[in-house]
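Each of the next two complexes has chain A plus one other chain: chain B in the first, chain C in the second.
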Partner chain A sequence: MTTAVEIIGVRKLFGATTALERVDFEVGAGEFVSLLGASGCGKSTLLRIIAGFESPSEGSVLIHGEDVTRLPPERRPTNLVFQRGALFPHMTVRENVGYGLKVKGWERTRINSRVDEMLALVRLERFGDREPGQLSGGQAQRVALARALASEPQVLLLDEPLSALDLKLRQQMQLELRAIQKRLGATFVFVTHDQTEALVMSDRIAIMNNGRIVQYGTPRDIYRKPNSVFVSNFIGATNLLRGTVTSVENGQASLQTGSGTYVIPAIGSPLKAGQRMVLSVRPEAVRLQGEGARVSGLVTEIIYQGNNIRVGTRLDPDTIFWAEGRDDEFDGIAIGDTVALGWAEDAATILEDDGT
Partner chain B sequence: MVALRKILPASFLAVVLAYLYAPIAVIVIFSFTTSPRLSIPIEGLTLAWYANAFANPLITTALRNSLILAVISAVLSGAMGAAFAFWLVTLKRARLRATLLTASLMPAIVPLLVIGIALAVFFRGVGMQQGLLNAAIGHVLVSLPFVVLTMNARLETFDFSVLEAARDLGATPSRAFRDITFPLIRPSVIGAAMLAAALSLDEFVVTWFNVGNQQTVPVLVWGLMRRGIDPSINAIATVLLSVLVCLVVASNIINRKKVK
Partner chain C sequence: MLPAGIFYVVFFAIPMLCLLVLSFWRAKGFELIPDFTLDNYHKIFTSPLYRALMLRTIGVAFTTALIVVPVAFAISYVMRFVFERRGQLILQIILLSLFSGYLVRIYAWRTILGKQGLLNSTLQWLGIIEQPLEFLIYSNIAVVITLSGLLLPLAVLPLYSAMLNVSRDYIEAARDLGAGKLHTLRTVLVPMVIPGLRTAFAFAFLLSAGDFVTPALVGGSQSMLIGNIVADQFRGIGSNWPLGAGMAFVVVAVMLLAYLTVMRLIRWITRW
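After this line comes the complex of A and B, so read on.
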């Protein structure tokens, strides 16, 4: 896989505040990569640095091996889909989509056929003569996508393009975007604060926090093997059991927490007695269990979600432990019952307690 | 009681409006009456005063001068004010932006007398003869703050991401201005320019101190008034009034088209 985007040691300062701290990051050609993080984590700044709207205070940006750090946005082989579309209000849909080609000096017939192709791609063939003001939010974003893709950018950048849409439309557009990306074999860098969106669409996700990329991997890796408490909390829901390692022997460690002591595998890991660690267990890995149960407590919450049910069990005054499963798995459980819960050993992740 | 409570505010409103519009109404009405004096009842209607006014070469020259000044104010004030306001709203630091905006609006509250005298003294200092050019410089100065103010109000709702989109699609900054910015702000610029023209048309104080022995409509009318009330003045005033009303109304209509 060749590298489409390469970010080398990029820092960005806005006055006294640091938006990005020495970020190193690469995106393979044809990959769909999401930059995921809460607002203010630096994800949009990183995207705008790739697009050329911000220049890094340090470091460089390479696109297909070419250093573009000093190039203005109009001379970069990237196009950006803006959060609110940013369609030109005084032009029709066709003129919007064809604008980049017109600027590049294409002939009119060639522009026309390319615009037709793009409108077909986003399924808006009949909307060519509309004005942006006459489009719905989803249509406007599809036009913005068509406009950005028309000049075949080497990298397409998307700045939360779906965040203004309602849930149903957003889910539909997620699949559509992903399908278009796969069909064109294009490289997409997608900024979002919505973890589900990132999981659904991406080949790889870069999770950002405080101007750093804290983990970069496939959705499955990130979900199953978060490398920090922050990531395990940020992606999906999780149960966190905080405690201190009391002993390490025979490839097993004991973690003493407020709700009891847990045995955790310690083969090949540098666990030492006295360390503060956190055990992270995904709710969907938690099952009702008779034998080999690891925790037990009183059921205090039952949340029915239709396809799923979530059951909260109080382990100690500060800890509610969540289990999630199909409705029928928890048949007959009521609030106030005492339940015993367990999980497969490899479903739990042991993480350093970073205070988050 | 209930009836009174309703009538009182209504009649108060009527009195205020009458106070505001009566003098104007009087001028317009008497520009059409046969009697050369302001007298009631009206004896008959005529357009003679208009014919009189336009037959007077002094008046047509003054009208021409006024129009020249209005066009200069519209073009220069409109262009300069729009450029300034545009640059202002792109400033990132909010406090600097507010300070510069206030600074550019200040001249609007400096008494016209002070501006008129200051300009006259300045022009004499640099050796510029009084005349239309000096008056034009004064008119631009007087109308510029109002252009900046209206342009700023419009541009605050301008979505700058469309400019970034144009750059992103390959347009150089000047191309983006030509294709995107200018077509989008054009209605506001024209509206503001018309406002500048309107302000210029009835400007008297600054003109009087700087125009020398040239005449503009307000200066001429003032001169005529000193020799007694000539009903032609009513006619000129009515013409001026209609032009101004048209300009202001047109400016409002154009400006109401939102900067998208």
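After this line comes the complex of A and C, so read on.
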């Protein structure tokens, strides 16, 4: 796989505040990569640096091996889909989609056929003569996508393009975007704060926090093997049991927490007695268990979600431990019952306590 | 809408109608005689003096607008896209300058442009010129400069407020799609602020075309504008209201025509 985008040691300062701290990052050609993080984490700044709207304080940006750090946006082989579309209100849909081609000096017939092709791609063939003001939110974003893709950018950048849409439409557009990306074999870099969106669409996700990429991997890797408490908390829900390592022997360690002591595997990990660690267990890995139960407590919450049910069990005054499963798995459980819960050993992740 | 309509009728339509009726009357001494005569218009269209004044007025007004609108555009652009939120502060300062009053500002320009004025003495002190530049005062140039100075704040207001409605996203989208800065200006920013541009141009062009105080105070013997002669018809010895009314209507018609032509021109330039 060739590298489409390469970010090397990029820092960005706005006055005294640091928006990005030495970010190294790469996107393979044909990949769909999401930059995921809460607002202010630096994800949009990184995207704007790739697009050329911000210049990095340090470091460089390469696109297909070519250093574009000093190039203005109009000379970069990237196009950006804006959060609110930014369709030119004084032009029709066709004129919007053809704008970039006209700027590049294409001839009219070639522009026309390309615009037709693009409108077909986003299934808006019959909307060419509309004004942007006559489009719904979803249609406007599809036109913005068509406009950005029209001149075949080497990398398409998307800045939370779906965040203004309602849930149903957003889910539909996620699949559509993903399908278009696969069909064209294009490279997409997608900024979002919505973890579900990132999981659904991405080949890889870069999780950002405080101007850094804290983990970069496939959705499955990130979900199953978060490398920090921050990531395990940010992607999906999780139970966190904080404590201190009391002993390490025979490839097993004991973690003493406020709700009891847990045995955790310590093979190949440099665990030492006295370390502050966190055990992270996904709710869907937690099952009602008689034999080999690891925790027990009083059921305090039962949340029925239709396809799923979530059961909260109080382990100690500060800890509610969540289990999630199909609704029949928890038949007969009521608030106030005492339950014993367990999970498969490899379903738990042991993480350093970084205080988040 | 109704209050606005009433206002429009009472303060604009009715006076204009009275003036229109008046333009077909005759004057005998200070007496107005109701009539339906085209004499006034005949006089206006056959007089070489009026034609010369009209042409000069269009020239002066057009030159003023040609200076004011681009400068106001640049100022508004900087306020909106460079200073961003601090642009509001600059707007307050500009508004404050309007408080100083019209006549005071014309006199201020006189002290700047005069033979021993600020500009000449500065240039002499810097050694750029030996003798004061005579054309800076009591000339058409003085009229244009002064009118530009007077009208610039008025032109900034509509342009700045039009630009406030243009999100930076549009500018960035154009750049992102491959348009350079100038191309973006021409095909995206200018078309999006056309209403503001139109108002700014109307202020600069129509207000300078109608002005008669500035030519009287900083203009020379060859700087009289049509407004001076129209004003003369409404006051003092030799006044002739019906003729003045006729002139006023011809001025309105000519300026409207000139204005519409320029608007077409702007549309044509910003087609993309």
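Just so it is clear, the second predicted complex is superposed on the first by the 356 of 356 C-alpha atoms of A that agree within 3 Å, B and C clash if a C-alpha of one lies under 4 Å from a C-alpha of the other, contacts with A are read in each partner's own complex, and residues count from 1 in each chain.
By definition in this document, a residue touches a chain if its C-beta (ideal position, glycine included) is under 8 Å from a C-beta of that chain, and two chains touch if they have at least 3 such contacts.
Only a predicted model underlies this, so the values are computations on that prediction, with no experimental measurement involved.
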- [ ] In the superposition on chain A, see if there is space for chain B and chain C together, and answer fit or clash.
- [x] clash
- [ ] Would you check which partner chain A:G100 touches, where first means chain B only, second means chain C only, and both and neither mean what they say?
- [x] both
Open item on the list: Which partner chains sit in contact with A:V263 here, chain B, chain C, both or neither? Use first/second/both/neither.
Closed with: neither
Open item on the list: I'd like to know which partner A:A344 touches here: chain B for first, chain C for second, both or neither.
Closed with: neither
TODO: Examine A:G133 and indicate which partner it touches, taking first as chain B and second as chain C; both and neither are also allowed.
DONE: first
TODO: Considering only the touch criterion stated at the top, classify A:L298 as touching first (chain B), second (chain C), both, or neither.
DONE: neither
- [ ] Once the two structures are superposed, pull the chain A residues common to the chain B and chain C interfaces.
- [x] 51-53, 72-74, 78-80, 82-84, 86, 88-90, 99-100, 103-104, 147-148, 151
- [ ] Provide the residue numbers of chain C that touch chain A in the complex, in ascending order.
- [x] 167, 169-170, 172-180, 183, 187-188, 191-192, 272
Open item on the list: For the complex, give me every residue of chain A touching chain C.
Closed with: 51-53, 72-75, 78-80, 82-84, 86, 88-91, 99-100, 102-104, 147-148, 151
Open item on the list: Taking the touch rule as given, give the residues of chain A at its contact with chain B in the complex, in rising order.
Closed with: 51-53, 72-74, 78-80, 82-84, 86-90, 99-100, 103-104, 133, 147-148, 151
Task: Of all residues in chain B, those that touch chain A in their complex - done: 159, 161-162, 164-172, 175, 179-180, 183-184, 260
